[in-house]
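Consider the two complexes below, in which chain A is the common component and chain B and chain C are the respective partners.
Up next, the complex of A and B:
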């Protein structure tokens, strides 16, 4: 079994920020909190999906709410652990392993800290392979895993238990509860068997994000120099093809809050005068990339942006005129390529009037 | 008549202004004795402009003392931090990400207690008098007198910080207390760091301010004096003794503001070309555009109001490759005057290229006569490309912008820059910093998270604007001259549909100058 220790956290957070496709919030707070917990409690054991015993009792753990709130209400050391304990108490069963629901952003670290504190393994995989804003977009419900019972824990130790009829209702209720419980909560949800977890999880994403972050951080120079290494890192993973979609500078960036989302668009201009500008459509994450009128990548495929000269992932809220960026399209995991999955994750599910076209089928 | 003095790490600049007219300038190496340096600068410019002490209506000083103290970990007092946030925040205690050397300089006196507020304005926890008393007792027992206080969401509701401060004063009458809401914006960790640094600089601030005062007394200058802060506005000298950390970025800010006055352009890109680097900043409405990201001061993460500066490795001392296609980032720096070709050295620098191209006559032109025309042309093109590129990245939109060149290295620019609508190289640009200090105004700023579902947008803006104006008047501004400089609304993800972070900044003229 592999391990993740405090010294791996900076790499993991950098890789997780890349896979967050523009969302996931400022990774610094979650990085600090995770480093401290792993220093105190030792490393977390990582269990590969193929190693999970079929009858294991697995629960998914992470935080839900507004990242801006955590700028002031800094994380409570034991909040996610309390959610874990309360979940065991609520269901009356011991939890054998935890799994992240979202590798993109700070939620990649929360289950690792719980695993380190409670001495259970953390599954090397997650429920998205990226970042997405809503619960019904996870891979877990696509494989028949029910989101509830879910235990929500706030920083004061107040908890709530949700029982919902379907994933959409769960998403609606947990969002309302997050606001009522101080803006940011920990959630233990999507209980599943080991067998379900091994099928539903996007495999190896935690160890992969760590390797990815290591590549980007150690290099700390132009992305051009490590593009081939980046592409070969993605080869032989559950992700599809990696394509450099565009290189240019940000010439426009505009954002509004609509329906609880950070919605907007950004425009990039290529250094090659013959190329038309790129438009990025954003709803928390980068969801659609077009060059001129031609869609070159769309959700659930990943649109990942790095600063060209530093290779550091670029968060959508930090995007600003003049930044030089490289845009990559990365084929999503096969979990999202079914009709049922695309119904909840394709551009149409976000209100864009366009169908999903797989990255490898474009041009 | 106003006197502006900028005490930098290397040079001290001074200038006498009558309105916007420059009567005298002076540039000298910075002396290690604060008082002596200021006395010398005063003597030089007052002699230059034939001023009597009674002619001086105000003295404005910009200083890098406090930045350097943090960077060098010198003159920092033993300081305690009281953070009111429990039960939240236990995952990231105060100072947990500080470099060890500076954490040790402050003594690692860290206290977390119950208190603080949530985004919706409720108390995270009520303050506990017993807990507060025991913390203060412990601090008093250790003999610590510098204390920083930070409470969650205090920029929106400072009540808890104020309450704790009153309790401290009752027990430790000489305490030098910094409340985080007075110094930083949203972001507890960064604001708390800022408060800690500020408290730790308190005793140095007393020394520096009294040296400054002493210098004025020695030259019988009996007028108000001010210190310029990060955002290009002024603090009274007594205020700076309490808020030294607010001077951390006053150098680049003064350079930008000085450039605006010298060129009479309020929206432009300013390129300050030195020996090793060029600092590129943005003037919007006469003030520097501020950075969005976290600012590292001596290895500590803060969120001060700092100008957004991009430094690139091109300056007068930049080394040029043999074929001329590469310029910088390596540089001979201040050794240009001995190591550059035209000065008899053997390094090809950007300055040598300018001389070889016949654009300026500096040093011995014969020493660069052997450089090939292709090489001179290639190096000239490369310098312009690098500078043009930085301007392009910093400009606010795709439209060409006016570019103001300041600094000794501004001779490097001779060709058209593609991203510039025009290039201005104003007279007296070498003392732009001191001019920036001399023309600084007084400001006030308010930041809060507001739900437009609960309060109408116009009402919210009007209320915040009034609060900002009140702050500015308190800081010494003339109420009638105040104008709104910036209204910034940042929508907040995931929160209810109309929640925004609203930041309003106002500036005005100094009260004393309006009256006199």
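Up next, the complex of A and C:
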């Protein structure tokens, strides 16, 4: 079993922010919290999906809400641990391992800190292989895992236990509570067996994000210099093709908090005056990228953005006028290539009037 | 111990609709459901507050949401019983008696049907002595009873268990869930000892509402003929003064569902052309009555409206242009005359820029 210690957290957060496609919450505050907690409680054990005993009681833990909120309302260190404890109390059963919802800012480090504080392993994998805004979009329900019982906890210690008949109802109820509880909450949910976790999880994403972050952070220069290294790093994973889609300057960016989500769009202008501008459509994550009228990548494929000159990932709530960025498209894992998965994660599932075309099939 | 059987339900619903000051939900559907369930399961035992053993486990049960919703989305018969069962399961303790939130349409019969179905007594009293739109306005929290754990149940069997630090947070969270769960839900909440229930409950309101309904229904003619009988009926209760405030025709009535409430206003025009019109301000219940600019009654005092020619109570969502009505003001019970109670139930608590003046002190 690998370990993740305080010194790995900056790399993990950087790589996870890349894979989070603009969402998953700002990584800075959760990075500081994770470093502090792993220094205090020791490293977290990272269990590969193939190592999980079939009868393990695996529970998914993370934060739910509008990422923008975390920029102003800092999360408390023990909220997710309280959710873990309340889940055990509610179900009357010990949790054997935790697993992240997604690789994204806070949601990749929070399960690690809970794992370290409570002395259980964290699965090296997650329920998205990226970040996505809604619960029914996770691989767990797509592989038959029930979302509830779910235990929700806010910063003040108020809690709620949800029991829902289906993933869409769960999404509706947890979203309503996230808004009522202040915009961002911790949730312990999607309890599953080890066998289910090993099938449903997108594997090795925590260790992969750490390697990816290492590459980006050690370089700390123009992304152009490490593009081929970046592409070869992805070659050993379950992700699909990696393509540079655009390079340009942010010329417009607007976001509103609607129903607990960050909803908006951004426009990029290429340094090549002959190229049409790129439009990004956003709902917490970068969901659709167009150049002019032409869709060049769409959800569930990943649209990942880094600052051109530093190679640092740029999450949506940090996007500002004038930033110079490089936009990558990355094919999603096989978990999202099925009809059932595309029904809840394709552009139509977000209200966009367009079919999903796999990144590999565009141009 | 008294009993309430199927044959009493029409009287109870009529009297409760009077005391509900326009809110509490439309009584018709819950009346039919209560008659059917009490015929099937036998009468409900009605326990007077002074009869409750001090160590009884008393839980308040009823529906929460926008009354308008019940006109179109009929409640299921077993939703409240499921909330009762889930509450027992959640707390690991048998419920000894149930108590209504309020005397209002469905909320006075639902606890009786749960009592009959589950074979426990229903307390002859309630947490308002009227209807009011928010949880922190109940007498229970005003007497120190904690609102949670609360178990919420919707028509499809989805549930939520809330734990909140204070009554205002509880109101915020349960309201969000009521909206997310379809607009109207059942809730088991405000668990208390028998001793607490006997202090906090507005006493004898279920049997009183039944007597009141008997008077109004047996008469079934102009309210003028029984006004003195109505007033003397109130004389033997904890309510204050009873005054006829206005008689006239509904000339305007508008209501919107905002945030899970029915919010709006209505205007009445007197048959006496010299009298200025009456304006009613509504949030689920009739909260403020003005004649011209002069406030003639305000919450927490009761504003009760009957159809002039039939003496039948008129709830807010049934108010239509052209109806001829009589408006009564009734002084609230001592539970709402304290500073702490007025802080959460006076007109200012509803956003109206006016102080409460006791009905007895107006004019």
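Operating definition for what follows: the second predicted complex is superposed on the first by the 346 of 363 C-alpha atoms of A that agree within 3 Å, B and C clash if a C-alpha of one lies under 4 Å from a C-alpha of the other, contacts with A are read in each partner's own complex, and residues count from 1 in each chain.
Everything that follows uses one rule, which is that contacts are C-beta pairs under 8 Å (C-beta built on N, C-alpha and C of every residue); 3 or more make two chains touch, one makes a residue touch a chain.
What you see is a predicted model, and the numbers here were worked out from it, not measured in a lab.
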{"item": "Which of chain B and chain C A:279 touches, first, second, both or neither", "value": "neither"}
{"item": "Contacts of A:156 with chain B and chain C, given as first, second, both or neither", "value": "both"}
{"item": "First, second, both or neither for A:179, with chain B first and chain C second", "value": "both"}
{"item": "Which superposed partner A:164 touches (first chain B, second chain C, both, neither)", "value": "second"}
{"item": "Greater residue coverage of chain A in the superposed arrangement, chain B or chain C", "value": "B"}
{"item": "Chain B and chain C contact sites that coincide on chain A, given as residue numbers", "value": "156-157, 175, 179"}
{"item": "Residue numbers on chain B that touch chain A, as the complex places them", "value": "85, 87-92, 96-97, 116, 118-120, 124-125, 152-153, 186-189, 292-294, 301, 392-398, 449, 491-501"}
{"item": "Residues of chain C defined as touching chain A within the complex", "value": "90, 156-165, 169, 172-173, 175-177, 179-181"}
{"item": "Residues on chain A engaged by chain B in the complex (per definition of touch)", "value": "28-29, 32-33, 36-37, 65-69, 71-79, 155-157, 175, 178-179, 182-183, 249, 251, 255-262, 269, 284, 317-318, 320-324"}
